[in-house]
Amino acid sequence: MDFPTIISLTESELDLGALLAQITIPTTGAAAIFTGMVRGKTSSNHPRETNFLDYEAYQPMAEKKMHQVAEEIREKWPTIEGIAIVQRIGRLYPGTPTTMIACTSAHRNNGVFEAARYGIDRLKEIVPVWKKEIGPDGEEWIVGHYHPRPGE
Amino acid sequence: MDFPTIISLTESELDLGALLAQITIPTTGAAAIFTGMVRGKTSSNHPRETNFLDYEAYQPMAEKKMHQVAEEIREKWPTIEGIAIVQRIGRLYPGTPTTMIACTSAHRNNGVFEAARYGIDRLKEIVPVWKKEIGPDGEEWIVGHYHPRPGE
Amino acid sequence: MLKVKVMFFATLRDYVGSKAIEMEISSGTTIQALTDLLVVKYPRLEKVKDSMIAAINREYAADDQIIPEDAEIALFPPVSGG
Amino acid sequence: MLKVKVMFFATLRDYVGSKAIEMEISSGTTIQALTDLLVVKYPRLEKVKDSMIAAINREYAADDQIIPEDAEIALFPPVSGG
């Protein structure tokens, strides 16, 4: 059986259960899923409240790089069966899941946790998506820090 | 705000999205979720096919020990905000999620992955639940290997 | 004599043929002594005796732990949930 | 002269005031030379010039990379998805 890979850059609500079902095959016994959500309240560093985030993407490149992240996961953890990488875009309010990285395998010790963590780390490094934070005191672009190497 | 803890031993279908929403508070920005599902086909060790699993629990003690796992997580990772530990029981067919351990926090580097992994490891050690596997060649109880210490 | 309830799960329930029984035991009976009694009563328990796990009132118990009055004892194989 | 499309995202789009422009550039123009031209045209880019990331045809590009005919160039700040 082929190993399923789901890549989705979408304005629609994330359906974790449906996504998980899409990356579950007969040999699958374990999944690790990371989701990120909009914080309404941030305590650390620069404490603030958030009304909503506006996400935008360079769509064709973002989808290409999400596929690349999935390929990198498969190279590093050959025991991973299914991979789903989803990034939601548009206006997103506190409490809303914005991204999901899910990896499945036969057993929980086959790298599912490490692979999901790698996936979200890489998504935040190389997938061209940006968010602007709108709060009671105005709006601000959130700027990342990673500079990809040419061809990365 | 109090940190939510959801403990559920249930015969009902797991709703990942609803469970995640219950452990998302205004300061939450990240979640790591582990789910286990029934394998229809096992390749490793003792290769076999599975028609379904019958799960049973010593319910009051199982719920008590699931609460204990949540407390252990909070002691080890004080930055964890929400915890959901769900074990489904009854007759479960291949592809069906049987358990979920989800941990939320403000950021992904606050221990969510480690905490979810610890949670499933501990559930498999101390929560009194057993499964019988029914396949084309008959049925067999799956037996664990961990012997809890008195009072553990 | 004390009255106790003994519950069996998974393989042990199959071997005993019953989910739970009520028993009368002498004061001072330990988990070890109870399981010895049960093996006499249910010889099929012999083969799982050494891997058996015991709980008293929903808490894992030591072999030499003395069983209190009205205890809820549970005996079962190593757990296999998840 | 070559025709290229240059797309701007996030802060850079705000500074340029446009999502994308069409430009004619000399053959042999590098990403570095292009951004120098753009800073002249859009002075507000000056302050983000050093942290700007460039892609040519949807692939991360080096500063000294030569821009091919009909390229789709994208310029943006470090990504912040998730």
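Every chain is named by a letter (A, B, C and D) in the order it is written, and numbering of its residues begins at 1.
We take it that contacts are C-beta pairs under 8 Å (C-beta built on N, C-alpha and C of every residue); 3 or more make two chains touch, one makes a residue touch a chain.
Small disclaimer: the values here were computed from a predicted structure and weren't measured.
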| item | value |
| --- | --- |
| Per Cα centroids, the chain farthest from subunit A | C |
| Centroid spacing, where centroids are CA-atom means, of subunit A and subunit B in whole angstrom | 23 |
| Distance from the mean Cα position of subunit D to that of subunit C, given in whole angstrom | 74 |
| Computed distance of Cα centres, subunit C from subunit A, in Å | 49 |
| Intercentroid distance (Cα basis), subunit C paired with subunit B, Å | 26 |
| In subunit A, residues with contacts to at least two other chains | 36, 120 |
| Junction residues of subunit D, two or more chains touched | none |
| Touching chain combinations (by label order) | A-B, A-D, B-C |
| Subunit A residues touching subunit B - in the complex, by the definition given at the top | 14-17, 20-21, 24, 26-44, 94-95, 97, 106-108, 112-113, 116-117, 120 |
| Residue ranges of subunit A touching subunit D (in the complex, touch as defined) | 36, 55-58, 60-62, 64, 87, 98-99, 120, 123-132, 141-152 |
| Subunit D residues within the subunit A interface of the complex | 7, 9-11, 14, 51, 53, 55, 58-62, 65, 74, 76-82 |
